[in-house]
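As written, the chains take the letters A, B, C, D, E and F, and residue 1 is the first residue of each chain.
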Amino acid sequence: MTPTPLKMLTIVAEAAIERRIVNELVAAGVSGFTTVEARGFGERGRRAGDWDQNRSVRIETICDAATASSVAERLLELWGPHYALIVWLHDVQVLRGGKFGADR
Amino acid sequence: MTPTPLKMLTIVAEAAIERRIVNELVAAGVSGFTTVEARGFGERGRRAGDWDQNRSVRIETICDAATASSVAERLLELWGPHYALIVWLHDVQVLRGGKFGADR
Amino acid sequence: MTPTPLKMLTIVAEAAIERRIVNELVAAGVSGFTTVEARGFGERGRRAGDWDQNRSVRIETICDAATASSVAERLLELWGPHYALIVWLHDVQVLRGGKFGADR
Amino acid sequence: MENLLDPAVLCFVLGLAAGLARSDLSLPRALYETLSVYLLLAIGLKGGVELARSAPGEILLPLLGALALGVSVPLVAYFVLRKIGRMKRPDSAAIAAHYGSVSAVTFAIVLEYLRQAGTPFEDYSAVLLVVLEIPAIGVGILLAKRGAAGPAAGWRSIARELFLGKSVFLLLGGLMIGVLARPETIGTVKPLFFDLFKGALALFLLEMGLVASRRLAEVRTVGPFLLGFGILMPILSAAMGIAVSLGVGLSPGGTTVLATLAASASYIAAPAAMRIAVPEANPALYLTASLGITFPFNVILGIPLYDWASRLAHQIGG
Amino acid sequence: MENLLDPAVLCFVLGLAAGLARSDLSLPRALYETLSVYLLLAIGLKGGVELARSAPGEILLPLLGALALGVSVPLVAYFVLRKIGRMKRPDSAAIAAHYGSVSAVTFAIVLEYLRQAGTPFEDYSAVLLVVLEIPAIGVGILLAKRGAAGPAAGWRSIARELFLGKSVFLLLGGLMIGVLARPETIGTVKPLFFDLFKGALALFLLEMGLVASRRLAEVRTVGPFLLGFGILMPILSAAMGIAVSLGVGLSPGGTTVLATLAASASYIAAPAAMRIAVPEANPALYLTASLGITFPFNVILGIPLYDWASRLAHQIGG
Amino acid sequence: MENLLDPAVLCFVLGLAAGLARSDLSLPRALYETLSVYLLLAIGLKGGVELARSAPGEILLPLLGALALGVSVPLVAYFVLRKIGRMKRPDSAAIAAHYGSVSAVTFAIVLEYLRQAGTPFEDYSAVLLVVLEIPAIGVGILLAKRGAAGPAAGWRSIARELFLGKSVFLLLGGLMIGVLARPETIGTVKPLFFDLFKGALALFLLEMGLVASRRLAEVRTVGPFLLGFGILMPILSAAMGIAVSLGVGLSPGGTTVLATLAASASYIAAPAAMRIAVPEANPALYLTASLGITFPFNVILGIPLYDWASRLAHQIGG
């Protein structure tokens, strides 16, 4: 199999907006996503992850480059100003591109 | 030190096959791997991660490109058809390549 | 927005040195970092993550390439010889480069 | 309806309601795991202490009866699923394994139910629970693999999955500790393992309600046949359990226990084993049937029904 | 000073000390979540059992009094924050919501305090707790949005956040189970939900001490006004609570309860709702005030003070 | 052999068996952390309550004795490891620190053992536990750094690691709460911290069995010398403990306690401190010795042995 080049969009955000981020991802038509519990530090201070109000999630989703960029922009627009949130992109190769909508 | 280019192989799979995936990695001779607990959503539905039958793991291993591809293919072949499983590759630079078998 | 290219530095280390790694990151002036609990396997054996002495952390920080390399070298120098520790780099694109000190 | 006014059952209903209303209530997985280890160990311990009081001879016949149930219930279930439900072989076999095996939590609930009502039951009941866990899983695997080369993961690795799986291991371990430990020293762990048991069961049922609610939400996707199966099959199994109980001479209380065991569907040992031994079976089907339909049915309505039927059978039979 | 010699309060002080000394003591988040589910459910359960004993008629007036407090306390707080503190509207509104709403743990502590002292209080107190949780949050949102189109996330999604949030859901669920369950069966869960309650509260307070210490460390960054507000506002609210209590005819014990409820600031329901409904408010401000200042103040000094004042008010009034 | 029939010890054996048989039984780390916080705090609390009953004067001599043990045991251990075992300096020093320091869980087990047997012991025993935790760790660091510039991480950061580490912090905190809290109010947390103690210990030992089994599996890799050391060193330390006990006039029960403390090897405070202060020591060596060999030996065989020896010594001495 030749690997298909796609984008990985990774989002780290405070847990309060997890559900709404996921709704955006689903609305954008991504084929799936993977979430892990996270803690950390950034502009908005320390998030120690030891109670509801300071835990974060790290969500990653593989999709085509266009979707990745547009979702990233939208998330930053919606919640960037008021919530702890960062997003980044990087290139990945997947083996069964069809699964990720690469050959749609 | 000049960084050595290598591949990162990342696997997200249902927890039921974790032990067997790890056995494959070891059999393929990778120098190590890192695992975190995950949840998510994909073709096979939602994996909320709140009890044994719906938790996932996210395993990543750094190795040379050939090993990465062949392991990825093998995992997809063995468990792709019946288990929640995705794999992807991306390029990484490590500082002590020897540790990852890069100069074997 | 045009994405800004930056480096992701990822560190997997035994939990005993987490605080000190974070101090190094802060001293190096990174704008933030994200931590998740991890377990794994490497040169120094299995880290099952089920009690204090064998759990690991996976820390990632986005910064410019120069900082990423110099921090990586420093961590390996300080703790590479005696602690379970690996670091790697890869390229990422972020949407609001300013946040990560990209346009300082 | 009285069963519904038990706090543990009400906690289950609360969990179901939270899940169906999409409340953001959630319990950490660590709590789920802790409570399930605790409950299995405590069930074993209690069972072991009681077992130590019973005469070895009297166990033999009921044990054989339980074994017969453990083999025949999955065969009947498989037949129903294949012939009436027209389901695929692997799915039928996997579901059959779940219904032939047992749920330790359902067992705990029926025991509390009988204790509450003051109905006596046999001291060695926990042995029946342990004995019923595994055979049906073996039957299920054989049914799935008929004509094929063997289970996907090899018999050895499946046997290890079963006997070393946390469910059987903790129940057996608890049983042995309960039998071995001197009565004076058991007293020291009584506050945790005995006195708190019912409360911990209530908390676990809250969590099970949440998990079951997500399964219940998938009932549409599995179709009406499986919904009916999830309710009628346990009633049929309970009837088989009652018949066997009368045959091997159990008391009315013991009959209710064995009927409930037969009616209960596994959601720890069987899913873990089936996922590995019969990967081509769709987990959504067996998990939804076992956890989304049969478990709530048994907890809320089934147990009182089986108890009523057991007492009736003894009145007619006796 | 006697309150300080209570083991639960001492555990809180220990947690505070550990955090301030930067000890590496930390408790897993799963424990925090488990204890908070447990405490909310247990408070509800106990409250429900007591509620079942009280006459429906006697609740009405105190309920209306509580509602009046739930609306007026946040209005007063908002006024103080805007006019005296010169804080921004969203911040003022969000903080006001916290101080108008209540803390279930503070409620639990005052009840233990009264039980310890042998002071009786009204059987339906838990209903007052539940009733006070939500109105102030609504008031806070309205204050934040005055003139604006509506809350950021839409009223529907906020209402769901509130009523289906774990805090209200578990308290209400517990209350209903406590009322519905037959007394005999409640006894079976008593060892977990009643006997262990105070110990679990102590453990939770250890963890709260750690969390509060991190907030306390941020007091410098929020400025002296908020520090003063975090101590004087609860005293003012308590005074309002005492006045209302006398008006609706509560006993001295009940007066202490309502005063403490008025003085307590929410740290579960309000932060969750405000974060979504008023995202432009800075969480560092309301969390530091509520958790870093007011909570420790109430636990250590406030409750004895409010109790003393309540008794005094009854002596003068009676 | 009677010790083996204690349910907590049997739970440990069950955990060991599960690990060695490679069962998939596992307990969440959050439970491990929760139980270890709980046990340390409860040991402290109980110790504090008892301490409040004892006269300050009688503590002094035993305290000095304990301090002498805390310094001499690691010196002896270091000598044995270097001269007989021919191990590297950092490894020897780190292992010596573990054997000079103590295990709070082993302490809890010996106390339960004595209570079960009805043997009285000194009220201030928990103080001996606290006093023995730290000196040996200091000795170990000094031994590792002889001639070198100082510990890798600086003395200050190591002192903070020790005194603010969760082990010493919780024990001391518990002690202080136990001493300070009024007896009436301690009663309210008794169900959690006292009555459940033995059961929680059993559950923790189940988990320790799993952890120890993984260490035990590495015994091959550490060589026969360390295996022998892990069994003979605690016996030697216990003998030293008995001698000191007789010297400072402890009762037979107190002698068993001090002997067991001397024999026990730390697995919370010492590993954390050594990993930071002596990074060049191989953790596989000290963890395997302390947790894989000595801990199981003490729990299963050591404690009855030390008790027997203590009573014998008192018969001969008295």
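Here, contacts are C-beta pairs under 8 Å (C-beta built on N, C-alpha and C of every residue); 3 or more make two chains touch, one makes a residue touch a chain.
Keep in mind that what you see is a predicted model, and the values were worked out from it rather than measured.
**Q** Which number of steps is the smallest that gets you from chain B over to chain F via touching chains?
**A** The fewest touching-chain steps linking chain B to chain F number 2.
**Q** Within the chain touch network, how many edges lie on the shortest path between chain B and chain E?
**A** Each step joins two touching chains, and the minimum needed here is 2.
**Q** Tell me whether chain D and chain E, two copies of the same sequence, contact each other through the same residue numbers or different ones, using over half shared as the line for same.
**A** Because under half of the interface numbers appear in both copies, chain E and chain D meet with different residues.
**Q** Need the most distant chain from chain D, centre defined as the mean of C-alpha atoms.
**A** C
**Q** Taking each chain's centre as the mean of its C-alpha atoms, which one ends up farthest from the centre of chain E?
**A** B
**Q** Write down the chain pair with more C-beta contact pairs when A-E is set against E-F.
**A** When E-F is set beside A-E, the one with more contacts is E-F.
**Q** Measure off the straight-line distance from the CA centroid of chain B to the CA centroid of chain D, and report it in whole Å.
**A** Measuring from centre to centre gives 35 Å for this pair.
**Q** Rounded to a whole Å, what is the gap between the Cα centroids of chain D and chain F?
**A** 41
**Q** Measuring centre to centre with CA averages, how many angstrom lie between chain A and chain B?
**A** A distance of 19 Å separates the two centres.
**Q** Of all residues in chain F, which are in touch with two or more distinct other chains?
**A** Only 26-30, 33, 191, 196 qualify.
**Q** Could you pull out the residues of chain C that touch at least 2 other chains?
**A** Those would be 36-37, 49, 90-91.
**Q** Just spell out which pairs of chains touch, all of them.
**A** A-B, A-C, A-E, B-C, B-D, C-F, D-E, D-F, E-F
**Q** Taking the touch rule as given, give the residues of chain B at its contact with chain A in the complex, in rising order.
**A** Touch residues, chain B against chain A: 12, 36-43, 49, 56, 58, 69, 72-73, 76, 80, 86-91.
**Q** Considering only the defined contacts, which chain E positions touch chain D in the complex?
**A** Going through chain E, the ones touching chain D are 28-30, 33-34, 37-38, 41, 45, 160-161, 164-166, 169-170, 173, 176-177, 180-182, 184-186, 188-193, 196.
**Q** How about chain F: which of its residues touch chain D in the complex?
**A** Touching chain D: residues 2, 5-8, 10-11, 14, 17-18, 21-31, 112, 116, 191, 195-196, 198-200, 202-203, 206 of chain F.
**Q** Looking at the complex, which residues from chain A come into contact with chain B?
**A** By the definition above, chain A touches chain B via 1, 3, 6, 8, 22, 31-37, 62, 90-96, 99.
**Q** Which stretch or stretches of chain D touch chain B in the complex?
**A** Spelled out, the residues of chain D in touch with chain B are 26-27, 29, 32-33, 153, 210-211, 214, 268, 271-272, 275-276, 279-280, 283-284, 287.
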